Amino acid sequence: MVGESRSFRVFQVAMGLFLCVFTLAPVYVMLSSSLKPLADVQGAFTWWPKHLTFQAFSQIWTTVPLGLYFENSLIDCASSTVFAVIVAVLAAYGLSRYRFSGRSAFMRTVLATQMFPGVLFLLPLFLIFVNIDNSLGITLLYQTRFGLIVTFLTFNLPFAIWMLTRYFDAIPGELDESARVDGAGTMGTLLRVVVPVARPGIIAVAVYCFMASWSEILFASVMTDSSTTTLSIGLQSYASQSNVYWNQIMAATLVVSLPIVVIFLLVQRHLISGLTTGSIK
Amino acid sequence: MKLSKLAAAGAMAALAGASLIGCSSSSGSGSGASLAGTTITYWATNQGASLQADKTVLTPELNKFTKETGIKVNLQVIPWATDDTKILAATVSGKGPDVLNFGNTDAWTFGATGALLPWTSSQLSQIGGSGKFIPNVLAAAGQAPYTSLPLYSQAYGLFYNKAMFSKAGLTPPTTWQELVSDAKKLTNASTQSYGMAIQGASVSENMHFAYIFARQNGGSPFNAQNQPTFTTTGNVNGLEQYINLMSSGVINPSDAQDSTGTLQMSQFAHGKAGMMMIQNDAIPALASLGMSTSQYGVVPIPAPSPLPAGGQDLASFVAGTNIAIFKNTPHLDAAIKFVNFMTSAAEQQALDQKYQLLPVLSGASQGFISDPAIAQAFTSILNTKAQPLPLKANVEAYQQTVGSQLVTLIGKAATGSAVSTSAIQSAMQSAQAQMPAT
Amino acid sequence: MSHIDVVSRSAGKLTVTPPLPHRRAVRLKRMTPYLLILPAVVLELLVHIVPSVAGVFTSLFDLNQFYLRQWFDAPFVGVSNYSVALNFSSSVGDALVHSFLVTILYAVVVVAFSWFLGFSGALILQQAFKGRGILRTIFLIPYAMPIYAGVIVWDFMLQRDNGLINHVLVNDLHILGQPAFWLLGNDAFISTAVVAIWRMWPFAFLMSMAAMQSVPEDVYEAAALDGAGPWRRTYHVTLGMLRPVTAVLLLMMFLWTFNDFNTPFVLFGTAPPPSVDLISMHIYTNSFVNWNFGLGAAMSVLMLVFLMIVTGLWFLWDRRGQRNGW
C-alpha cells in the first residue's frame, strides 16, 4: 500500500478535486439543460435555469421510442458482454497457461484486428451475413438482434483476450498446481481457482465490453431496423431535419445513464480483491 | 510480423465468400392476381418534428391505403443521420425495403447504383403519367427512365423579421446589393444584433449556396462533359458573394460554428438576426421557438443587379424528397400501387398540409402552408426561380468537397482573417482535385 | 492411478505431460488449448478477419456507386488507388499526409493525458477512505454515458456565445477578454483532445485500478522496509507491477484513438477544421460520402501498415519487460 506523506496527500487532494470538476462539469450542464425549456437552452447560457421545467423528461418518451431503444441496448449489450467474457476467459486461460504452436500467431492476428477502421469492413461484413442467411435459408444474422450481438461480442474480444491473458499471467501457477494436486481438471481449475482470483480483471473487462457495445454507432446504424434500434443511434433522432431538441437529448441521456451509473456503484465493490497471502499455502 | 496461416486461410475464405456475391437475387414481379394480404416495407424519411410525429402523420394515411387495396404497409421511419448508410447497405446486400424515400440530392447517386427500379412508360401510366408533376420538380429527379419520382418539395426563401425591418424603415430586398445594405443597417454588434444568420458549419447548406450563387454569377459546378469546374470565375465569385456576408460583419461570427441551424434559428426567432436564408421546413421549427408566421415574411433570395455575364436570377434549387422502388422487390405491383397512392392529389394535399411542405403536383392547391402570403412566395420561387442541382452522379462528392471547403473559409472569415479571391480559388482547386474521377 | 498427468512447471507456465498409454487422453489434453481458443477463432474469422481482408481487396478496384451491386465487375486498377493516395504533390496525397500527422499528434496527446489521469486517479483511490466508492463511481460517469450525448454536451459547452467554457473564462474568471472560437481553427484541436480525454480517462482509470488491486501488500511492505517513500514505492512497485497491463492499455488506447471516428463526427460532422482532420474521418468521407470506396480502402490499408509498424515497435518494447516473449 502506498503510504502517506505530505506531498502525496497534496497530490491526492488536488488531483481528486481536478478530476471531480473535470468529470462533473458536463454532467452539470446536462442536468441544468434538461430542466430548461428548449428556447432557454438555445439562448444565452445561465448557470441555473431561469424557468425550471420537467417537460423534457416527459417529452423524451414520445418524441422517440426511448423505452424501446433502451431495452434493445440493454439486451444487446448484456448478452454480448456475457458471451464475450465467456469466450475471452476460455481463450485467455488457454493463452496464459499453455504453450502451443499458433499461439503467438493467434495473439498477433487478434491484435491486428484493432487496427482496422470500421468503415473498411462494414460492408463486407454485411455481405457475409446476408450470404450466410441466404445459404441457410433463414434470417439469422441480417438485421437481427443475433447478428448485432455476434458483431458486438467479436469486436470486444481482442481487448478482452489480451487484458485477461495479462491479468491471468499475474496469477501464479502455484494456484493452478495446488488445484490439480487436489484432482481438478482444466475447467475445474479455471472455474474454481483462477476465475475467483482474477475477479477484478474479469469485472473490469466485462464493464469494458458492455460500455463498448453501448456506444457503438457505425455498425448499429446499419444492422438494426426500427424495432431493434439501439440507444446510441436512437439518441440522434432527437434531431429532426430542422430542429434539435437539446433539452430532450440531455434529459434522455441522464435517464439512460442513471441505471448504468447505479450498476457501476454496485459493481465497483467487486473491483477490489487481493491476492491474499493465505490462498497459496 | 508476418501474416499467419490464419490470415491466409481468411483470404481464401474471403475469395470464396466474395464469389457468392456474384449471385444476385432475381427480382420477382408480383403476379397480376389480387394483391390483398401482401405486406410491403416502406422506409420513410423524417419529415416531421420527430420520428414519432412522422408515425403519427403517416399511419392514418397508410391505413387508408390498406383499406383501399388490402395491402399492408410496414412503416419504418429512418432518421436522416442513418439514411444514407442504410440505403447503401441495402444496395450492396440486395436486401432492402420495397419502397423508400431519400433526399433528391442523392437521387442520382442512388439511381446510378442500379438498385432502384427504372420506371417504364407503362408503369408510369399506372400512376397517372410523369406529366402530373411540376416540370421543374420532375427535372430534379432526372430524365427518363426515372429511377425515383418527386414526393415532397422544398425551396429556399429569404426570411425577414417584419418588426425589425419596419423599425429600421426597410423593405424586403429585391437585389443582392440591397440585401447587403439592409443587413448592414440592421447590424449592431454591441447589442449582438445582426442583419443575417447562417449555418456556417453545415456542409449541405454551404453547398446549396455555393450552387445558387455560382449560377447567379454565371458559373456552374460541372461543364457539359460533367467534369468539375469549381475554379471558374462564376463559381469563385459566387462563393465570394456568400463569404463576404461573414467578412462584412453582418453575421454573428459564432454562426461559423453552427452546423445544425440551432444558432441561426434561435437568433432569428429572438430578433437577434433580421434575415435568414433557409428552406420552408423552418416554418414549423420557428413555430416551436415561439415565432408565428405573422411575424416574418418570405421573399426570393435576390441576385446581384445587374446580373453578371451568364448569370441567372436563381433564388433556390429544387429541394425535396423523392420516392423510389427497390429493383429487387418481390412485390412490384403492390409497390407501384403504393407510389400511386402517395403521389395522388388527395394524399399530396393531406401530407403537404401536415408537414408544411410544397407540392410536387402541377396545379396543386396552396393550402399547405397556413400563411397565404408565405405559401404564395414559396410557390412562385419553386415554379419560376428554382432549378435542379446538376444532374450528375457526383453531387454528393460535390457537396462534401466544396461544402467542407466553404466551412473552413467561413470559419476564417469569422475569426477576422481576410479571405482573398485567390484563397477561394485554391480552396476550390483542392476540392476539385478530391472529386472522384469519372 | 495411471491416468493422472504429470504437471510440471517451466518458466512459470504449466505444461501438461500425459502418460503415454492413454492415447485418447493425450489427444484431448493436447487439444485443450486449441479447444479453449476455438470459439474466439471462429468469431474473429467470421466478423473481423474475413470482412477486413475482403475490404483490403477492394482497394485494388475502382469501386464506386456504379459497381456496388456487383463488386467483381468493378474495374481492376491495381495500385492506382495507392498511387493517388501517396502522390504527395497532389491535393489528395497532401491532405492525407497532413491528416496522418494530425492524427498521430492527437493520439499521442490524448493517450498520454488519459493514461496519466487514469493512473493517478487509481493511485489516489488505492487506500480505503470514506466516500471512496462514491468517487470511484463519479470517475466512471463519462464512461457510462452514450458517446453521442457525452460529446454533444461538450459541443454545447464550447459554443462561442452560449457555452459554459467561454462564460467561465470571459465573464467569471476574466482570463480572456473576448470569447474564443473553440470549434474553429487551431483551438479546435485542443477542444477535441479535451473531449476525447474526458471520455477516455475513466477507462484507463478502470483498468489501472483493477490491476493495482492485484499487487500484493507484501511487495509494498518490503519496499517500505527498504526505506522507499510513497513516491518511490509508486514508481518502482506500482508502475513496475502494472507494466504488462499498462503496456496493453497504452497500445489499445493508441489504436482506438487513432481510429476515433465518433468524437470528431459528433463535434464537426464531415467537415472538421483542418487542425482536427483526423484520418478516420478522412477515410470516411472518401468511402461513404464521395462514394469512392476503392480509394477509401487504399487509405485504410496505408493506415493499417502504419499501425502495424507501431505495434511492431511496441512488441519490441514489451518484450523487454516480459520474461516470456510473445
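When the chains are written out, they are named A, B and C in that same order, and each has its own residue count from 1.
Please note the rule applied: a contact is a pair of C-beta atoms (placed from the backbone, for glycine too) under 8 Å apart; a residue touches a chain by one contact, two chains touch by 3 or more.
Because the structure is a prediction, the values reported are computed rather than measured.
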Arrangement of touching chains [line / ring / star / complete / other]: complete
Most remote chain, CA-based centroid, reference being chain A: B
Which of A-C and A-B has more C-beta contact pairs: A-C
Centre distance in Å when chain A and chain B are each reduced to the mean of their C-alpha atoms: 37
Whole-Å separation of chain centres (CA-atom averages), chain A against chain C: 14
Contacts with 2+ other chains: residues of chain B: 1, 6-7, 14, 17, 21, 85, 88, 92, 94, 263
Overlap residues in chain C, where contacts from two or more other chains coincide: 41, 49-51, 54, 159, 161, 288, 308, 311
Interface hub residues of chain A, defined as touching at least two other chains: 42-43, 102, 106, 108-109, 123-124, 127-128, 218, 233, 236, 246
List of chain C residues in touch with chain B within their complex: 41, 45, 49-51, 53-54, 57, 64-66, 68-72, 90-92, 95, 159-161, 181, 183-185, 268-271, 273-274, 285, 288-292, 295, 308, 311-312, 315
Parts of chain B lying in touch with chain A, wherever the complex brings them together: 1, 3-7, 14, 17, 20-21, 25, 46-53, 76-82, 85-86, 88-89, 92-95, 260-263, 265-266, 269-270, 279, 281-282, 284-285, 288-290
Chain B residues touching chain C - in the complex, by the definition given at the top: 1, 6-7, 9-11, 13-14, 17-19, 21-22, 24, 84-85, 88, 91-92, 94, 109-110, 112-115, 192, 201-203, 252-254, 256-257, 259, 263, 393, 396-397, 399-401, 403-404, 407-408, 411, 414-415, 429-430, 433-436
Touch list for chain A against partner chain C, complex: 1-5, 7-8, 11-12, 15-16, 19-20, 22-27, 29-30, 33, 42-45, 87-88, 90-91, 93-100, 102-104, 106-125, 127-128, 150-151, 153-155, 157-159, 161-163, 166-167, 169-173, 176-177, 180-181, 186, 200-201, 203-204, 207-208, 211, 214-215, 217-218, 231-233, 235-236, 246, 249-250, 252-253, 256-257, 260-261, 264-265, 268-269, 271-275, 277
Contacting residues of chain A [partner chain B, same complex]: 38-39, 42-43, 62-65, 102, 105-106, 108-109, 123-124, 126-128, 130-131, 134-135, 142-143, 218, 221-222, 225-226, 233, 236-246
